[in-house]
Amino acid sequence: MAEIKLDLAHAYKPNPQRDEDYALLPLEMTFRDGGAYALLGPSGCGKTTMLNIISGLLQPSQGTVCFDGQDVTARSPQQRNIAQVFQFPVIYDTMTVAQNLGFPLKNRKVPKEQIAKRVGEIAEMLEMSHQLDMRAAGLSADQKQKISLGRGLVRPDVSAVLFDEPLTVIDPHLKWQLRRKLKQIHHELKLTLIYVTHDQVEALTFADEVVVMTRGRAVQVGTAEDLFERPAHTFVGHFIGSPGMSFLPIQASASGMKIADQVVTVPQQVSVPAQATTLGIRPEYLRIFPNDQAGCLAATVQLIQDVGTYILVTCAVDQTPVRVRLSPQSWRPDMGENVYLQVLDAHTCFYCEEELVV
Amino acid sequence: MNNTDKPSNQKAWLLVLPVLICVAFSAILPLMTVVNYSVQDIFSPTRRIFVGTEWFTMVMRDSELHAALARQVTFSLSVLAVQIPLGVALALCMPASGWKASATLVLVALSLLIPWNVVGTIWQIFGRTDIGLLGHTLQQLGFDYSYTGNPTHAWVTVLIMDVWHWTPLVALLAYAGLRSIPDAYYQAARIDGASKWAVFRYIQLPKMRGVLMIAVLLRFMDSFMIYTEPFVLTGGGPGTSTTFLSQYLTQKAVGQFDLGPAAAFSIIYFLIILLFCFVLYNWMQNVGKSQQQG
Amino acid sequence: MELTLENVSKAVYGQPYLYPFDLTLEPQQVTVLLGATQAGKTTMMRIMAGLDKPSAGRVWVDGVDVTGRPVRQRNIAMVYQQFINYPSMTVFDNIASPLKLARKGNVKEQVQALAEKLHIEAFLERLPSELSGGQQQRVALARALAKNAPLMLLDEPLVNLDYKLREDLRAELSLLFATGNSTVVYATTEPSEALLLGGHTAVLDKGELLQYGPTADVFHRPASLKVAKAFSDPPINLVQAQRTPTGVRLANSQEVSITLPAQSDQALTLGIRANALRLVGRAADIAIDGQVELAEISGSDTFVHVDTVLGPMIAQLTGVHDFELGANVQLHLDPSHAYVFEASGALLVAPELLREVA
Amino acid sequence: MFKSLFTPRNLFLFVYLIFALLPIYWMINMSLKTNNEILSSFSLWPEDLTFENYYKIFTDPTWYSGYINSIIYVFINTAITLTVALPAAYAFSRYRFIGDKHVFFWLLTNRMTPPAVFLLPYFQLYSTLGLMDTHLAVALAHLVFNIPLAVWILEGFMSGVPREIDETAYVDGYSFPRFFLTIFLPLIKAGVGVAAFFCFMFSWVELLLARTLTSVDAKPIAATMTRTVSASGMDWATLAAAGVLTIVPGAIVIWFVRNYIAKGFAMGRV
């Protein structure tokens, strides 16, 4: 297992000037040994580029990659001793499950009985002991992905296991079982695991720390709690949570706080940073009242959606949509009704030029 | 072609009709005449008598035909034995992408574009001891090589000519098979520390299986009906050492003009080809299917 | 436009794809076809469109029998799962092609308006293959809208898109459907998508049309156990129970007091939706002990997979909660929030929508 | 850079390329010499390089008429094959119908039938129809190979186009002909190009039928070349020049279809 330190950038063109020329903007990041990390972001945000740089399949155009302090930038994936599970199951069709699992050790000329013992252990952990002698080609997609994972785990000294959106081809109802298996394995083996995905449920469930990325930049690294409670960037606020944070323009003025050109008195326990230009509030924390209260904003109800487990009310504060989440049992407004939203409370976040200010 | 979820629509027959008419005119009609001749003895267009399977039995017992068939089978098998491994090796050495790949592809495939008789002519010139580079060089090295005089020399030269002419087909098919392998397989192999041989044995060969089968069957059938190249190079000689089935049939049909045996033999020849076609057709089905599963 | 399927069924090579059913689509409304993969959604949709003929039964449009009529003579629009556009044409020509064929009004203007509506006006001169998945699907949507057909069919249009992109595009779609005046049929496997789109929902399972009605009603009052299962994500928790004078007795002989109608089977099934389970108990709640198998965090909710004496159960908690694997936890259930089904699967009791004043 | 050049892979490829190009080089070398220089001395490069042989081919009607005849019947054949094969390939690719598998298999057997088997019947058929020694005769005779090949190649390319595109076009209101010409054909341009190339090539290359079915005014180049072998004395130089000229058409076109060559040879199955 290894601690991975990145201090690099990767550009499409030889001498990049603008941000757009970079697949990965200059970044410095450390993946603790034994930690479970997720690289989360929309397609084209650079997460797979970063994974391929860590695995050694791609050389960064500038900077270094260090495993346990050693510079491995020029080293091949084999020399870095990493394992990778790809988007589509990659197995050796003509081999049985046992031969697939033992293949990396066979290439290292490890004695036969030691391979058999190790393969048995890993098969036990992957709950595939009963399939060892079956031909790998005939298995289902999720079992094939387990074999890919097993090929990495079978090496006792594997430095890190990398996942490139491994659940893409798995049936929806099987996904959570594979996620549970990955979490159990991480619990037992304490390996460094790095998981690339565009799906926040996979990222937040699997990883201790999630790296949220957009347009080639890591905008925040934190636990699920940090990303939910204190998004460091408006993109994280929007991306995490379904539906994500609602944002409103804000301006400190003599007569009080001007939010989307409504002047509102600020409750005592909430302190608004001077340089804040935008306010972000999650639908779960927004409270809605039929009549005006201190520190509330006037809004009109545009859409009410009964999503079964909760009611989603979309209001318009001067053309900016703001979403509120109500429990099925609580009071709900009617279409077009004028309501009052309590946007300022302990959970509200303030941003200046998209960056969190406290 | 025929996976189940395609809608069935009998109107599609209208689209296929033109093909049927053309191919019927140029295939069924002639085949009927061949069958017609194979069961009759024709003295003149007006006088014919039905002889049943006499021609067939005669052809079956014709020792000369057996010799020609034996030569043909050995030739076709040796063609496979040389061209399949050579073609695969060539495909493995060809560059994967970029202009180098295109240039190599064109140079390698050039021999496939040359009219079959010109291939014969090229080797006819190339092999002559007086004016040919190959013949002259061998003679300088003190090796009295003559593809017109010595039967084994002739046979080997025809084989080398066929290898020179058709190996690129096997190489192209193998190359296409290699190109269909997703890059992730090579990455996984590198990560698992697989040796070059292991990569070939466990990734490239299994993926090329479907394509190679097509190459084997195509090459076997095409070589099984070879006519022009040996005819131009050695004219079937010296003696009958390089007279293969097609040439034997042509001599019988057009040369000695005894239609009965020639027609009977044509039918037998066609049935042999039909058998191999059946194997190729079924194999191509699962190539199509295995590609879908990917 | 009113579409009616009368006693329609479909079988291919004797293999039944759709069992005989009757269905009249609510005109000018969104009808969601909800069901797992292979439930028969696409088959039903293709029969509605006229792309396939039913094995039996008739298809009526505004009282006219159109069963055999080829799709060319039917005025419909369709959007496929894999962003189908004409690859050899530019985006502009793609959107304009139905307009040009119908020779209706100023083509250039209409295409420009549609492109702006779907935020793809910048790509009009590009080829579809140069665009991202989301943009390609927007082009297909624009072309379907261009036809302004009375019947518009969408076959799982968002399934191949990124998680967050799906959310944004779904919000746009429900707005588009609300402003349009055509009858819309939308196929999906995700219950949350059906709920968010609202309108009416037809629940399908293994080729059977189970129930059709307003989406909220079908969710809150499923006609049978099969409908409840099909319409719950995460899956509904099912607990076997025996009827007692005061309510039901569970497998672990725990008594639950529920008011039941006079007649019912002795053996019943209790249906508990994930959001009905809470960590903090209230007065009349019953408690169920278990160990945490996995906590899945979706940003706004946490789905806790708990192994209890009554079998595996899933609880849905608002916000971000983290649990150690194997931690002991107690789930609390308000009996009035549970569904009760007969042994045959028919619905016996559905929880009343309790309205608490804010 | 130097070290990477001499890897075993490149060496093997280099050796094979020499083996492949040497005979062709030798023929070109011969075609630039005069007959007596060929017979008198043995040299790797012509001393007095002449284009006399090529000049002779381009002026002597018996030679260049062979090329023209070959080109005529090859074009007729390719034209008929494509116009007939396109709709059939579409039917095989899109629909299931009674006997579709059998017809497809029967087409394959035709492609694989040795020309020798058809020699006799064609001879009879065409003489009764009075078609002997006409371009049409050879064009029709070659249909038996080229149509199956074209159908298979086109069907292979057409199956690459998702069926939903057809349906979307019908939904948009396209009629079948308009859809086929404006939307479908541009998508399989490459397929049509490859099918045309392979029809051209197989027709251009075939000798047996072409020679038997023609005598004077439709005699292809392949026949004229074999005739000179038995003519008075070996006119090697002209023969070599004629051989070089037959390679030219293939060599030109191959660059355009180079990416699809394998798919063409494997009849669209790769």
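Just so it is clear, A, B, C and D label the chains in written order, and each chain counts residues from 1 on its own.
Here is the rule we use: a contact is a pair of C-beta atoms (placed from the backbone, for glycine too) under 8 Å apart; a residue touches a chain by one contact, two chains touch by 3 or more.
Source: prediction; values computed, not measured.
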Original post:
Chains shared as neighbours by chain B and chain C?
Top reply: A, D
**OP:** Looking across all chain pairs, point out the one with the most C-beta pairs in contact.
**Re:** B-D
Original post:
Between chain A and chain B, what's the gap in Å when you average each chain's C-alpha atoms?
Top reply: 57
Subject >> Inter-chain centre distance, chain A versus chain C - centres from mean C-alpha coordinates, in Å >> reply: 26
Original post:
Where on chain A does chain B make contact in their complex?
Top reply: 55, 57, 76-78, 82-84, 86-88, 90, 92-95, 103-104, 107-108, 148, 151-152
Original post:
Which of the residues in chain C end up touching chain D in this complex?
Top reply: 49, 51, 70-72, 76-78, 80, 82, 84, 86-89, 97-98, 101-102, 143, 147
Subject >> Touching residues on chain A, where the partner in the complex is chain C >> reply: 42-44, 171-173, 176, 179-180, 183-184, 187, 198-201, 204-205, 223-225, 227-229, 238-244, 282-284, 289-290, 303, 305-310, 312, 325, 328-331
Original post:
Which part of chain D faces chain C closely enough to touch in the complex?
Top reply: 162, 164-165, 167-175, 183, 186-187
Original post:
Which positions of chain B touch chain A when the two form their complex?
Top reply: 182, 184-185, 187-188, 190-195, 198, 202-203, 206
